[in-house]
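Below are two complexes that have chain A in common, paired first with chain B and then with chain C.
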Partner chain A sequence: MTETTPLSHYVRSSRLDYQLRYELLGKALLRVQRWRDQRKLAGLRPREDSVLNPPLRCVAYMKEMMSRHYLEGRYANGVRKVAWVTSGAPAELLKALDFFLIYPENHAALCGVRRKAESLCEEAEHDGYSRDICSYGRTDIGAMLSGKTPAGRLPRPDLLLCCTNICQTVLYWYRVLAAHFGCPLILIDTPFLYHEAEAHQVAYVQRQLEEMVSVAEQVAGRSFSERSFMQVVDHSRRASELWLEVLNRSRHRPAPMTAFDGFIHMGPIVDMRGDPETTDYYERMLDELDERIRNGVGAIKEERYRVLWDNLPIWYKIGDFSKWLGGHGVNVVASTYTYAWGELSPMIDPSKPFESMARVYLHPILNRSTGHKLSSMQRMVDEFHLDGVILHSDRSCKPYSLGQIDQRDHLVQEMGIPALLLEADHNDPRAYAEEQSTQRLEAFIEMMEARA
Partner chain B sequence: MPIADRLTARKAIIERVRGLGRKVVAVLPFHYPRALLRAYRLHPIEVWGPPNVPRDKGSQHFQAYTCDIVLKATSFLLRGGMDPVDAILVPHTCDALQGMASVTADFLKPRQPVLTLYLPRGCRDSDRAFLIAELRRLAGCCAEISGHKPNEADWAEAFAAEEAADRALASLYQRRPRLALSDRDFYTAVRSREFLTAEDFGELAASLPEGDPPADGVGLMLSGIVAEPLELFDRINEMGAHVVADDLACGYRRVYPPAAESDPFARIAAQLLACPPDPTRGSPIEQRVAALRSRMRESGAQGLLIYDVKFCEPELFDIPLLRKHLAAAGLPVLHVEFEMGMTVSRQVLTRIEAFVETLQ
Partner chain C sequence: MSKPEVVAIGTDAGSTTCKLVAVGQGGEVLGSRLEATQPHIELQVGELLGQLRSELGVDGPVPCVATGYGRKLVKDATRSVTEITCHARGVFRDLGHGGTLVDIGGQDSKVIRLGNNGKPVDFMMNDKCAAGTGRFLEYTSARLGVPIDELGRRALSTDREEPITSTCTVFAESEIISLLARGVALEAILRGLHRALVGRIVAMVHNVGLTPPLMLSGGVAHNEAVRALIEEATGERVLLPREPQLMGAYGAALLGTEGKSAA
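Moving on to the complex of A and B:
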């Protein structure tokens, strides 16, 4: 059953390669690139022909961090143990065992932003995967089968860690990965919370976290240290707190960043939470946002309407949406999606790492009821002083999307604000109709104008 | 006489079980603890659509990319189809049913309580312990609905009845080659477990005649969630094929082996966790391939027909690897998707027909 043919695109590196190409040359080149980017960004002034103000300067650091991450991945096999993990998985445990982590969802999003997802989806479809399954899954399976990736090369996993707190889809997807790579799959199953979490649900997740240690130790070839785990959890907590603060800065008017910026800047909190440099990065970002707030600089030049985005972004349209909406005076200042990596930070307690991580990983918005999501959106409408809500009805993400029709109706009826259901797919552009979407967005803006 | 004509209508069954002091629960697909419901004096009537209900009311709450089981069951609820029942139980089978349970409880707010059951996706000790606790939680909800807390005798009676019905179902599958039943009649009998009492199902199963099976020709194994409408079996027979085995959620995937635990909750958990390999329960693909290969060989199935309700993600992910590994074992696979209705589309039938021809 296991894929036995050698996969040419998964290469074992030597320690020398790793040291030379990643540690020495790669890091230095990326640092030089970052200096160049910094200089370029520092020299940017608002352009008359642009509806947006110049991007945040800290993006140069983020680009360096993410590039370094994927560069290390190219040479990781044979040097570090590699785990592929879902975006909502308790990665802190693996970090404490020095695993190098790859987040297939983040990789798929990268493919989406670079507009490579469609061809990778087609690779998967050519192999028999239906167009009706999640486009993240299809993108990554396509990359796995073809070896094509804008990241250069992904390392082959020694371990898979799948947590069902975002959907059941990841389990089906990771079973395919497990069959393909023939490596152990650790499942952290998180019961869906229709109401508040009950003791047996927390105990179940905690026990699975405790049980995964021995499997991970075996693969890692080293012993687990609770002290290291607590340190990683502490970094994770601090980074999540900072990320929440970053997002909450958009409560200011004008908002210093857009949710589209948030989608891009969430890379480190998804991929590198638990690393000290992630904390440094969000401190830097927060400083820059505060500077913008002090100077009254918004992300868009003329912020007339403030909007909430629900669900995953439409990765291949981020730039277009940002400009088009900005051109109509619409700033998408908040999103339920980016909040998911920040709102649980108060639950993280490094002194009780297993119990608190069990609680945290049970409570993402995607693992909670449709009524809870509505309440979260209503709270955000108030706290961010919003004029409307765009609910991305994401064909590829059913747990996020089912319930949106009623959520929209409640937002309109109870809060009296316009709310738009926008049909698309987070990674597959073939499920997006440009003309129809534009017309619906125009009508949505007209409704906000009528209310103003 | 066709089996369907021998079955008591659901409405009459509801009246009868009420007469026995039981309340009625509408149950969505598909793993759930029958013995627990019975011990708490509840009777399940399952809802798999139904196929004859329009999607309209469901479409007012769920997007077009939602599976028909959820769309139609929601329509059925909003059209008053579940009015006679006292509670609605939605097991956590997939993301779509999770969405349905949540929307129903949070927004549709029917008169009846909406009960849920999370089924763990593994078979580890932690999964078993969790499922036992989850069943105890469900039992608390059941007690509120029926006002009854079972004693030892109630549990013993419930296990005796439901396990006898489980054995009767397993026996039906074992006797399948010897039963003088058309495919339609066989699956009508299997699926009557969805609403009959355990005793009535046992009686029906025992009464089915043995003899020469009416259908012959190419043997197929049928996989998926639910084979609707039953007309499908007639059309398959007309093509010169017949269904010799299945891997259906409404069929063989619920042939639970007996368990011997003394604690009732542990016993139910053991049974549910020991179900045949099932993608909705997170079974590794290797297990599914091995089980399908072995059962196809035993039953003489020449090909696997995967008949999926449109947008059923748990089933869709496994298909390429199932196809690859079964084909390597000389067992061809055809995957078709259908929209649930009263007839099978011509397009679907043409594909099945072509598949049968290649097997002939």
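Moving on to the complex of A and C:
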């Protein structure tokens, strides 16, 4: 297994490199690229041979933001302190200390979309990691060991922040990272919630958040300011609210975006919540969605069936699914996954940053009971006027997939709508069977047709 | 008297057998074909289609609906529909009511819940493991040297049953070999094997929810031990359509007649 070794692919940059290659050249080149993308997108008209309408124009900005983020990461070591954090970690605290943040899960998803995950998983497997481990974990460990990444280069962490509100795998995964990089690991333990959080549970998490400050300060080499923290939390709140509004725009018929768009556009809310640019981005996106709604433009040309997606996306199939389903008149208009970064926004209170962060990070869908997820899905079926539900049974994500068989049965029996359990894996294409999946999806669509 | 006119043809290009059914205006079966699937499904279906057309005197174009795993390879198909919908349609037409339909095919098995209008309401498929499919019986038949159509009768010919602990077709083979080596009677092994297959099917039935009556289609429906053991496990009598193996193709043909006042 992995040993602590000097890793040649994690390099320290000089401040000059950072200023020249990122601040000066990199940002300028990405801006030029964005202008070019904008021009191209503005000129796109609906194509006869496509089942989808042209993509949202704002995607050019998102591409710029995400590329800028990973480009900065490339030159961050030696200039900014770097923390690697789980997707559901209280990142706002580290933002307030000016850490540069890397989200390994988002990085793994990027590898999945670019179809690099399988070979990276194999790198990890060759090092002894079981194929039964989450494919995000294997992808990132593979990238860490080999230095291969479609992002160019990831910065080495000075600090690790792991929160167990999404799964227990992250606990072991981050211990591997800590051993590998020899840096401090902060663990935030979030008790599983069967109902709303009790006061003592909030207090327990709040105390951990307060205690992590001194460790983070030490690594950051600067003092924590509650004022900056409150500001970051405020930006986070606004971004989450906007993200929720963005997702709720798909209640309109035809829906101006698909859940597949959501999977792509969630990059900033995952990686950059707390930054003012993220708020700007979702305001821009919301404007464009409203424009689509005013003009009656849907994401797909002919929306006959509206469907909910449960669980993580199948990253390597996003484009194929979007076109194939669109071709059958199916618009996947909502997903429990993208909703997870918006639905808690009402809990965020910048005036009580520690307490509200404790509350928020206790309540993600994955840290709550299967019954809670079922009622969320049932509510979404009503609110989004849905005709069916696809439950991706994700071999990698056990906490998300647990309970899906019963949830599916309840949806079918109590709501009278078709619901499909689709077996796959979010990042490892070896766990996906094309023919069997297509067969099930076709039968699912035929059942919706039969009901229509 | 002139021959009845063929209104539509259904093709079920399955993983193990290839079936074709031609129906008339009232949805009645006018002709059919059934043979083992060959590697070049496209050519095979083309040939069978030609035979059926000439036998029934079909000259002009007729809607042809394809189903089964090879449905996308049927180049003459006017439409392709999944086996779920086709089996549901065929069986509903033949038996006339909703309920729970079990289709055990060559390489997959399905449990389909039919509404009172015959439309599928819910389904579950097993295609990740051969132990719940006809392939399990074929494999056993070849391994034990018992013809496939005798398997069921031989399994029911004894009250003794040797439990097969393995639920995997491939690993079951090593278990069979060791049981035979221990001198266990062949019939008792066969009964145990049928029990293992039925156990998988019945688990799916309960998963979808058993709404009586219980109906069976697909080639494995011909196996009397499968039927008997399903009845024993569920406490429900199993109903069979007239030609269980042709139900997919029949349903496909009926769907082809839609818009032509049949089915």
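Methods note: the second predicted complex is superposed on the first by the 447 of 452 C-alpha atoms of A that agree within 3 Å, B and C clash if a C-alpha of one lies under 4 Å from a C-alpha of the other, contacts with A are read in each partner's own complex, and residues count from 1 in each chain.
As a working rule, a contact is a pair of C-beta atoms (placed from the backbone, for glycine too) under 8 Å apart; a residue touches a chain by one contact, two chains touch by 3 or more.
Since the structure is predicted, the reported quantities are computational estimates derived from the model, not experimental observations.
Model built by superposing both complexes on chain A: chain B and chain C fit together without a clash. Measured by the number of chain A residues touched, the leading partner among chain B and chain C is B.
By the touch criterion defined above, A:E446 reaches chain C but does not reach chain B. By the touch criterion defined above, A:Q413 lies against chain C but remains apart from chain B after alignment on the C-alpha atoms of chain A.
In the superposed model, A:I405 makes contact with both chain B and chain C. In the superposed model, A:R395 lies in contact with chain B only, and not with chain C. In the superposed model, A:F192 lies in contact with chain B only, and not with chain C. Angle at the C-alpha centre of chain A formed with the centres of chain B and chain C, after superposition on chain A: 70°, rounded to the nearest 10. Once the two complexes are laid over each other on the shared chain, residue contacts for A:S214 go to neither chain B nor chain C.
By the touch criterion defined above, A:T169 reaches chain B but does not reach chain C.
Of the two partner chains, chain B is the only one touched by A:L374; chain C is not.
In the superposition on chain A, A:S223 contacts neither chain B nor chain C.
Nowhere in the superposition do the C-alpha atoms of chain B and chain C come closer than 6 Å. Common to the chain B and chain C contact sets on chain A are residues 405, 423.
Those residues of chain A that touch chain B in the shared complex are 1, 127-130, 132-134, 137, 164, 167-169, 171-173, 175-176, 178-179, 187, 189, 191-192, 194, 198, 200-201, 203-204, 207-208, 211, 369-371, 374, 393, 395, 398-399, 401-406, 410, 423. Note for the complex: chain B touches chain A at residues 60-63, 65-66, 70, 92, 94-96, 98-103, 105-108, 116, 118, 120-122, 124, 126-127, 129-130, 133-134, 137, 279-280, 282, 284-286, 289, 310-311, 313-314, 316-321, 323-325.
By the touch rule above, chain C contacts chain A in their complex via residues 69, 81-85, 119-123, 125, 127-128, 207, 209.
Put simply, chain A touches chain C in their complex at residues 405, 409, 412-413, 418, 423, 433, 435-436, 439-440, 442-443, 446-447, 450-451.
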